[in-house]
Amino acid sequence: MMDTNIIQAAIPKFIEGFKVTIWLSLIGIIGALIVGLICSLLQYFKVPIVSKIISAYIELSRNTPLLIQLFFLYYAFPVIGLKLSATFCGFIGLTFLGGSYMSEAFSGGFNGVSNTQIDAGKAIGMSRRQLARYVVFPQGLSLSMPALSANIIFLIKETSIFSVIAIPELTNTALDLIGIYYRSNEYLLMLVIAYAIILIPLSIVLTILERRVRYGSFGN
Amino acid sequence: MAKEILRVEKLNKFYAKQQILYDVDFSIAQGEVLALLGPSGSGKSTLIRCLNGLEEFSTGDLFFDGQKMVPTEKNWQQIRQKIGMVFQSYDLFSNLTVLENIVLGPIKVQKKSRSQAVQIATRLLKRVGLADYLQTYPRQLSGGQKQRIAIVRALALHPEVMLFDEVTASLDPEMVRGVLEIIKELSEKDNMTMIIVTHEMNFAEQIADRVLFLEDGHILENTPSKQFFVNSQTERAREFLESMKF
Amino acid sequence: MAKEILRVEKLNKFYAKQQILYDVDFSIAQGEVLALLGPSGSGKSTLIRCLNGLEEFSTGDLFFDGQKMVPTEKNWQQIRQKIGMVFQSYDLFSNLTVLENIVLGPIKVQKKSRSQAVQIATRLLKRVGLADYLQTYPRQLSGGQKQRIAIVRALALHPEVMLFDEVTASLDPEMVRGVLEIIKELSEKDNMTMIIVTHEMNFAEQIADRVLFLEDGHILENTPSKQFFVNSQTERAREFLESMKF
Amino acid sequence: GSSSKSGSAASNSNNSSSVAAIKKRGTIKVAVFGDLKPYGWVNKDGKRVGYDITLARRIAKDLGVKIKFVQVNADSRVDALSSNKVDLVLANFTVTSERKQVVDFAKAYMKVSVGVVSPKNALITNAEQLKNKTVIVSKGTTAETYFTENQKSVSLLKFDSKTQQFNALKNKRGVALADDNTYLYAWAKAHPTYQVGIKQLGDSSSIAPAVKKGNKSLLNWTNKEISKLDKQGFFEKAYNNDLKPYFSSDVKASDVIIEK
Amino acid sequence: MDHLGTSVLFAGNNFSRLLGGLWTTIWIALLALLIGLILGTFLGMMRTFKNRPVRLILRLYLEFFRIVPTVVLLFLAYYILPRQLNINLPAEQVAVLTFALWVAAEFSDIVRGALISVPKHQRESGLAIGLTHWQLFRYVLLPQALTLELPATINLATRVVKTTSLLMLISVMDVINIGQQIIEANGQSHPNGIFWVYGLIFFFYFIVDYPLSLLAKKLNAANQH
């Protein structure tokens, strides 16, 4: 059923899409990590008011689909005078969505540090800042690794939705080719393989990293 | 009598609306060893955690070296360097090596130079027979080793008082002895002032100068050790001692 | 001598390539109480877990009531009704009430009627002083209460042998006594055959007829209790006994 | 060559979309657009209306069966047929040689070519003006194919649905929007600040019903039906009802419908 | 704009149409969850068995659903299934099927995780009183796993609801698709309609998912005691 000529001819297009997916995932994930880290730190130190705002943001972002978030950014915002490029919308969307997921992952790690470790730190006279710096963050980060890597994979997969705002990433490329040449078997197969090429090695690397972090700097 | 180092006056402690400690009054003199005994849930841990501010108390006063303690975050941080504490759970920082665990306080809190801190750590580790474990991570140690290092970590700050909260309770029976011996040595050789919560009655009898017997948050007895173990003042204390033997 | 109830012959056990038990040989007669002693990691738990098939052993034979045990899943399930076991951790099923914990085996495994099972459960609970707790969930009980109920749960199947693996090790000191007293009563009143792993030397001395002393997977001593505690055959056993006292 | 295999592969032997099968089933499944005013769309009351829809309803009536609409996007019209989601496509489906290899077209019922709409204040009147500019299209349309093959210097912004593409034009995400000229006329009338500056790009082509490749039975029936309707003046009437009110006055019936 | 922008939501029967779309979303999510959870429970149990080939196959099943984005899954099911396997289902059923298989994959991992995190001693004391493996599952492990897995399950449910937003891509008349029709049909009278329609849909999803998230958090906190 498969036609190798069709597949070969489409490879350059898929490579283009591949690049877009990777690039967008990369900046989106970095954005999400930064937003998440900042939010979780502000939450950890219980900065008044700001903590409340962050909670609201987290709930809003976690409980609505990325698709609608993107529609809003891309199609609805210009109506009220805010026009952002598709790529920028994608970046903001991933960061907005991913930021809350990452923040929850970091917070989970920080809160997972056991109370006895914190008591032990206080008992040798460490200040709150020192405790955070030398005990809570290093241990919390390694505790949050599994959640962080799950989020990374999740966010990469979410980029497949960007076809709705015309970003030429992998899924969009495949759907476009199907629309022109009507070879859904070949193009969908290529699409699945393309995601496997990104995600399988990545998830192996992340698993190794998780283990490293856990046994390298942490663990009882 | 020796100089009084710590005094507690009318200390009351609540969790939410539940009162845990009632008008606790006692003091400890330099070099004295106080055993804090009592049934499970009587408030022993809560009491000694109040002494270095890990728990806030509701009312009451604390005097350290004759000075009244004003319970601000800053002051507690100061006091905690003078009051070392070791817990039941092996509480070494799991992300740091043995050496880093020990020098963290001296360097970051007391602003000692690294070389000076390392020197102190090495000397103390030698003393507890663990000089070879400088670069080891806590997870590679047995429970007994961890507790000895936790003691070293507290000692590295040169505290004037040490608090021990059931430090042998989670240890394998054969590990208990090594840890208790170190505590005994601290009292005998260094004349360290100590408050010890323990369920090892034999040990308490050997080491304590005085026993504080706590029940339901009340101090029922504050008696010299010799007298307590032979002839306790209260019925309840006698019962308690009885139940600890088979 | 009484009828032999359980015999172990040349039992060897490996974890991966590491040998844990070496040619273990011993037997126990009806009504006999065997204390299994030895340092941590010597293989005590592994050995008694082999006796009811929770661990597979690599080579060796087990004879139950003179019959050689063929280690199939089905046979083990049969045998486990005759060999009760209680563990260190409070192992009541947390999703079931006390009553349901106890009657699960009799009803589902032994196909007894519910009313019969409830009757057995009530009688046994009365005996350990917990008749009021039928409808309670395990999380509402103290450690000592949980262990007593775990014993009842095993007894409800009318086992011929009971295995106890450090059943008091995680208990608060004051809880220990109640549990040990029940075990003692089982031996004295019911003449129950028992193998007991414990770190309570006083208790072992009082209850055991014979001591099996294990080190590094080898049985170093298989001695009548009286002799073991007063004058052990091996240097290693004497050292061990010494370390258990403070 | 070999490239027509996948479309026709699973056809024939048991044709679930044959006229007989449809009559037996009692419903015909028709792929239509849901947001292509005035051809196939859902009006304010939530009713499906439009030129394509009127034709579809008539076909169902003449077949004596009920109708079931399946809303599609441009890029899923072929797959909707080849995977038996629908029996017939009446979704502004332009006949092209590539498409002929994967579906069978019946007789055409409309004329069309690619047009380009742009804001009046920056009107595009000539394809040359589009060089190195961004043009908005929908995936799987003839407009997309036209630019992909004939004007590679134009960068395309490709959307799934008509709603999305027109909103993108309103948000000025491209200098112009290319699609079938027939409904660009309608859209421009509804949006007076825009104008169809290029009425025809490339050759004129036609729009026809499509069936699954090899579905002779339905194809023949549909061909006869179109001829019959044509004779009865059905298309003219439908034009006047469904299309004319939405077109500007410069569009004539003969620009759109095929008169024999 | 001479009137309140929100009026587009209440013009004609727009609001009830949107609610109807939301209902489509919800029943698809519910049905998919129901099927997926039941299937996932069995798969999760089987993943704790010793049989290596079975475990490997189930693992591959899980990984496939983990790697392939849901959009792609939907297209695969919508286009490839009918052609290659000659299974032809309406879009709604395709959606339910795809989501159910996806839920089953994810849930099997939750169940497995919960089962293996039931303390080892619970399992052993079950064996020690002579329970068979099936009795052990039935009376001890599954009930205990249930409380452990509940928060993760609710979180999965919120994800399923959110992911139904992709249904518009395979021609299901869900709330977003209907929203687009309304935007298109009211484009002239309500030029800002798009803002309010998408806003309302955003709010709809939030209203469905937020209480679920709260519940999951609460249960999680309770489990941690």
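Observations on the structure shown:
Which chain is which? They are A, B, C, D and E, in the order written, and residues in each are numbered from 1.
As a convention for this text, a contact is a pair of C-beta atoms (placed from the backbone, for glycine too) under 8 Å apart; a residue touches a chain by one contact, two chains touch by 3 or more.
As the structure is a computational prediction, the values presented were derived from the model and not from experiment.
Under the contact definition, chain A and chain E share the contacting chains D.
Summarising the inter-chain contacts, the pair of chains with the most C-beta pairs in contact is A-E. With every chain reduced to the mean of its CA atoms, the largest distance from chain A is reached by C. Remark: chain A and chain C have CA centroids separated by 52 Å (rounded to whole angstrom). Averaged C-alpha coordinates put the centre of chain A at 46 Å from the centre of chain B. Centroids of chain D and chain E (each the mean of its C-alpha atoms) stand 35 Å apart. Shared interface positions of chain D, defined as residues touching 2 or more other chains, are 9, 76, 79, 82, 160, 164, 167.
The multi-chain contact residues of chain E, meaning those touching 2 or more other chains, are 79-80, 83, 169, 194.
Contact between chains, as defined at the top, is found for A-B, A-D, A-E, B-C, C-E, D-E. Listing the residues of chain B that touch chain C in their complex gives 39-40, 172-174, 176-177, 180, 199-200, 202-203, 206, 240, 243-246.
Across the complex, chain B is touched by residues 116-117, 119-128, 130, 134-135, 138-139, 142, 217-220 of chain A.
The residues of chain E lying in touch with chain A in their complex are 66-72, 75-76, 79-80, 83-84, 158, 162-166, 169, 176, 191-192, 194-195, 198-199, 201-202, 205-206, 209-210, 213.
Within the complex formed with chain A, the chain D residues making contact are 2-3, 5-7, 9, 74-76, 78-79, 82, 98-99, 102, 139-141, 144-145, 148, 157-160, 164, 167-168, 170-173.
Those residues of chain B that touch chain A in the complex are listed here as 49, 52-54, 73, 76-78, 80-81, 84-85, 87, 89-96, 104-105, 108-110, 137-139, 150, 153-154, 157.
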